[in-house]
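Below, chain A partners chain B and then partners chain C, in two separate complexes.
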Partner chain A sequence: MGDQEKQYSTNHRKIALALSIIPGFGQFYNKQWMKGLGFFILTASFFIAFSDLIQFGFWGLVTLGTDPTYDHSITLLVEGILTVIVTVLGLAVYILNLRDAFKVGKQRDLNVAPNSIRQQYQNLVGGGFPYLMMTPGFLLLIFVVIFPILFVILLSFTNYNLYNSPPANLVDWIGFQNFLDIFQIPIWRETFFSVLAWTVIWTFGATTLQIALGIFLAVLMNQKEIKFQKIIRTIFILPWAVPAFVSILVFAGMFNETFGTINNDILALFGLEDTPWMTDPAYTKFALIMIQTWLGFPFIFAMVTGVLQSIPNELYEAADVDGATIMQKFKNITLPLVLYATAPIMITQYTFNFNNFNVIFLFNGGGPAVAGQNAGGTDILISWIYNLTMTSAQYGKAAAITMILSLIVITVALWQFRRTKSFQEEDMM
Partner chain B sequence: MKKWLYVLFITFLAVGLLAACAPDREEESSSEGSSSEGSSSEDGMPEKPEKLVIWEDTDKGVGLDPAIESFEEEYGIEVEYEEMDMASTIRERLRLDGPAGTGPDVLTLPHDQIGQLAIEGLLAPLNVDESVTGIYTDASVQAQTYDGQLYGLPKATETPVFIYNKEHMEEAPETFEELFEFSQEFGGDGQYGFLGVWDDFYHANAVISGFGGYVFNNEDGTLNPQDIGLNNEGAIEGAAYIQKWYDEIFPNGIIGENGGSAKDGLFQDGDAASIQDGPWAFQALNDIGMDYGVAPLPELPNGDYPQTFIGVKGWHVSAQSDHQEWATELVKWIANEENAKVRYEETNEIPPVTALIEDPVIADNERASAVAIQSERGVPMPNIPEMSEVWGPMADALQLIATGESTPEDALNEAVETINSQIELNHSGN
Partner chain C sequence: MKKYSKAKKIQLTLSYLVIIAMIAIILYPILWIVGSSFNPGNSLSGSSILPDNPTLSHYKELFNLEESNYLLWYWNTLKICILTMIFSVILVSFTAYSFSRFRFVGRKNGLMTFLILQMIPNFAALIAIYALANLTGLLNTHLSLILVYTGGAIPMNTYLMKGYLDTIPKELDESARMDGAGNFRIFWQIVMPLAKPMIAVVSLFTFITPFTDFILAAILLRSNEKYTLAVGLYEMISDQYGSEFTLFAAGSVLIAIPIAILFLSLQKYFVSGLTAGGTKG
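So, the complex of A and B:
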């Protein structure tokens, strides 16, 4: 550093940086009038527009209100999050301003002429164009995605429930109490773990089956000997074309124990017409996994069919020459290539089923009842959270369980993604 | 590294400073106080607002029109109404719009939501004379009362009744025993003499309370959530009676989440001779042109009548309304005897006004009078928020009883234990 400092005969960069504490003035000092004016107007309008929000936003976020007659804790929480987002955006522009003044000052110190307005414009349009195009979408994402996530995270540290609901009362910060309660209060702990266990079985059972069936049918349909391939393929895609909730409701009717066609027409042929599909948890679980397999396999089937057609035939010919059996060919050529191309999507299928609310809720509402716990026999975490929130108004606690659930999904997804070959640089072919 | 420490330090300082910026309350409160005081007129009522807004149930606004017209004439205050689903939309919107200042002045709600919304501070207690509340049935006023305070005036009442297909049944049976015998002999395979979704606690309460069970003990008008009577002797006897019906008459197909629609389908197809259902079922039956009769539920084997849950829809004043006094006037106006009668004629919803129940318009109408008579025999659904913990465990217990997987005693004890712990968990200490 010492050697470098000596090279500068002037000190424009430091002066520009110091002046930039009031945004725009550093640029004025560098004689970049338009840019300076831009920064100055931006800052001024920022303070004019947001001064109220920033003034009370942090106060609201920290206290969540002090007097229920005037303060609505949830509104304050929302405004607080907005304040944080706005402040971060403001600081980003401010840092950009400092950095710009310093950089241009340094250029002047090195006796390089600063960019003219025309050059600045070209820089902006040339180098900054992708960023410029991204900005509206990015801002939208901040408010549509990041904002609700922050809201749930913060909510899980509050005691927001029926008795602390605004406008009559205030919500307070309670730290990790919600999380501790879930693991310490027996009825919640027991229900949590039994629901978690079924959620895991459900996720792996249903997803693995739908993937296996999809791949099996795709490979089968890809054999050259099979006729009417197009018609059969179309039929296999059909379950995908019907909206899932319609299929589920139809299935719920078909599985009805007394009037449903499954018991009355199909199983009656085998003398099994009294199967308790809706009233015995084990049977309901079995039916649910079968239904999800039905709903989910066409997507895998369609995707794998596409991949199969891109596998070069030479690989199979070479295998034939080496005398490989069908199973060997499948195990060593087809499966690795299919999984290589589709693994990320397969993993998202697992995370999707982990939170597959529709099937559980529409088929039997999480039922049938099980003695000794406050969730139904087929409730998965997400449908249990739904019931907890809707019947007990335990918003804070539901947010805490949501956090635990997200943590599980994120961890598993990240771990699997990292292990997947698709995300490593090496080439498979 | 050190630079970052400075930046962090400064940031904390700035946030700390900003966090200390509390809004100046003194000014706000004083200015608000003076504005409301200065505008009151001589008769003790504040100045008239330009208009009042009502939130009414979907498609029920026609019953309001005449009342609004006469109110506008009498007081010169414009009244507007907006229609939306009463079961959940009004509550959800009130939570957001009320505090934001864009909510209604007057709204309608099913009475079992009163407790919750009163605790949240969204409903204002009503200050009205005995002479106003005196015209309604006791049960309906009780339904509108939470924690000793009146939160609304009753608008309409409904409760499950006995609906029978006149093709299969000439007249309603006097007792459930008669009905049971009839059901044993009625029809053939897939045909049922009587159906009730008794694994849904809303409907099952008719039997359970009829035999002597109760949800929360009513102690001088206040419900005590610590005293649950759902596993007392009467309740167990009632549950055993429910189990008997499922054992010998009811098909398993009406158990569970979709049981209600299975029951509706059977009745509408003529495969069930009679059902237990509420007045909301009438419309579908009229649409398919069925010739049906309606009666109060028959007598239970213990000689008592089934105590169905009464649902009371009421008119309430929003706690966030700027014109609560005038909103109260409006509630009194639209809920009075004359306007209740007009509303009944337009909407067929039965007003719990004592004089009207004896009035020929209701007394001579078989359906309306059946609902009115059954309403007198029923109990108002508890309106305290603890009730939300009862539905789930009771539905679970009744399902176990209906499928015969549990004895009534075990299932109900289990349910009450769950309800107690849930109440302690979610409703204690506050």
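So, the complex of A and C:
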């Protein structure tokens, strides 16, 4: 780098950078009057428009209000996050200003003529086009996705619950107390671990069953001798075609203990008409896994069918020559090829069921209730969070559990994506 | 008819037995709900799959705006789904095109952000969405739902679309640029027409996701006439503990049939889209 420094006979880049501490002045120094004016006006209006918000916003974010008659903690929290976002955007413009002054100064040091206004305009339109196109989507993303995530992260460090709810009371920062409570207070700890255990069993049980059934039926239907292929395949797809919330509610009716058809028509034949599907957690869990298998296998079936049709027949013929049995052919040819082609999608099925709120909530509301914990007997993490938020107003705790849940999902997903192509693609570099 | 060996015969017989059992398991709930919807009376006590004197009265009740908000829910749902679909497709095409065709400062970080965001389901932040909507006065409006669905659809679908746009040769853009076409014209007249298959997939996904969503609609919508079908149907069955089950059955049938037909006719798009999403990441 030292050699390069010597090539410059002038120091325009450093002077321009230093002057740019007040945005615009570096550009003035570079004789780019319009651009400098633009930066200056942008900065000035930023301060005029947001100086109050920034002062007040950071104050609110730090204190969360001091007087419950005037201050609404949650409003202050939201305004605080807004302030942070505005500040970050402002800093981005400021850095852009510094960069620009330095770059143009460097051009002058190298005796390259600075761009004319016309060229600058063309640069802006050409180089700015992707930014221009992304702005609407990106703004929406900031406000409906990133904003809520920041809000939940901050909320998990507060004591926001029914008793501290504004407007009558103030919410306070309590550090990691929510996380500690979940692991230290017996009722929370027991609930958390029993919900987590069932979430894991549910995720693995239901997903593995639906994948196994899907693959099994796809292989079964791949026998050329089966008649009526088209209509049978269509029927097998039906559970996927009907919206899941409809099917789940229908199942809730079918398993109903007073009028449901499962007890009244089917199990009555075996004298089991009093099976407690909705009141005994073990039965509800069994029913839930069966229902999710019913709902989930058609997608796997359709996907695996596509893969099977692309496996060359020669492989099986060669195996026949060697005298392989059906099971051997399945284990050594079909299964490896299918799993290799579909593994990433299979993993997304697991993450989907991990957060499968619909089936848990719509079937039995996460119930039945269980003594000694504050979640229902079949609640998974996401439905427990829903109940904590919507019925018991334990917002801070719910946010902390959301953080734990997101951590699990992101860990699994990152582990998966590191193994897929797009991570190694050169255009990510 | 070909002659099969004995082992083959047993194998085929077993296969057919499995198929018949599966068909029964799949069709039973469907037949049961269709049968229930024709049952006279409100509850199901003493009913059967083939009712003795079937009636259309439940369907008539649903179509009567004075007795039920069902048609309103249908209209709300379609409105939300179609608007979400339109906004999402526009925004997703814009962002995906930028990511696919331009190399700009922040591109790599942007792609990483999208990759991480698509892993977290957007309803995980449901407390925040509820509090924000409450604060901005958007609680109990369809606008809030459309915004949340559209924002939530951007990361994953942008990835899908970008993957597809990457396969369209860049030479096409360059030759158009030689002929004097501007950036927007290349996007609109060259690239988008070639991306039609993926636009179809994204449209389907962004239409069907709000249709089947329950949790966000349940949080944000507070009054009966604003409900979507998922929330309305749930209230119908949970409010009265089965005393209006036949009405609910008719409502379910009217949702399931059109969506199932739509789905079956477009099924190949779903499979290709989901497969591309999983492998391309």
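By definition in this document, the second predicted complex is superposed on the first by the 349 of 429 C-alpha atoms of A that agree within 3 Å, B and C clash if a C-alpha of one lies under 4 Å from a C-alpha of the other, contacts with A are read in each partner's own complex, and residues count from 1 in each chain.
The rule is simple: a contact is a pair of C-beta atoms (placed from the backbone, for glycine too) under 8 Å apart; a residue touches a chain by one contact, two chains touch by 3 or more.
On a predicted model such as this, the values are computed, not experimentally measured, just so you know.
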item	value
Which superposed partner A:75 touches (first chain B, second chain C, both, neither)	both
Which of chain B and chain C A:168 touches, first, second, both or neither	first
Touching partner for A:258 - first (chain B), second (chain C), both, neither	both
Which of chain B and chain C A:11 touches, first, second, both or neither	neither
In the superposition, chain B vs chain C on chain A residues touched	C
Contacts of A:67 with chain B and chain C, given as first, second, both or neither	first
Partner chain in contact with A:410 - chain B first, chain C second, else both or neither	second
First (chain B), second (chain C), both or neither touched by A:185	first
Chain B versus chain C as contact partner of A:364, first or second or both or neither	first
Common ground on chain A, meaning residues reached by chain C in one complex and by chain B in the other	75, 252-253, 256, 258-259, 365
Interfacial residue positions of chain A with respect to chain C in the complex	74-75, 78, 125-127, 129-131, 133-134, 136-138, 140-141, 143-149, 151-152, 155, 217, 220-221, 223, 225-226, 232, 234-247, 249-254, 256, 258-259, 261, 294, 299, 302-303, 306, 326, 342, 344-345, 348, 351, 355, 357-358, 361-362, 365, 382, 385-386, 389-390, 395, 398-399, 402, 405-406, 409-410, 413-414, 416-417, 420-423, 427-429
Contact set on chain C toward chain A in their complex	4, 8, 11-12, 15-16, 18-19, 22-23, 25-27, 29-30, 32-33, 36, 43-45, 49, 91-92, 94-95, 97-99, 101-102, 104, 107-108, 110-112, 115-117, 119-132, 135, 147-148, 150-152, 154-155, 158-159, 163, 166, 183-184, 187, 211-212, 214-215, 219, 230, 233-234, 237-238, 242, 245, 248-249, 252, 255-256, 259-260, 263-264, 267, 270-271, 274-275, 277-281
Chain B residues touching chain A - in the complex, by the definition given at the top	15, 18-23, 25, 28-29, 98-100, 116, 119-122, 190, 251-258, 262, 265, 319-320, 385, 388-389, 391-393, 395-397, 399-400, 403, 405-406, 410-411, 414, 418, 421-422, 425-427, 430
Of all residues in chain A, those that touch chain B in their complex	54-59, 61-63, 66-68, 70, 72, 75, 161-169, 185, 187-188, 252-253, 256-260, 276, 278-279, 364-365, 367-372, 374, 376, 387, 391-394
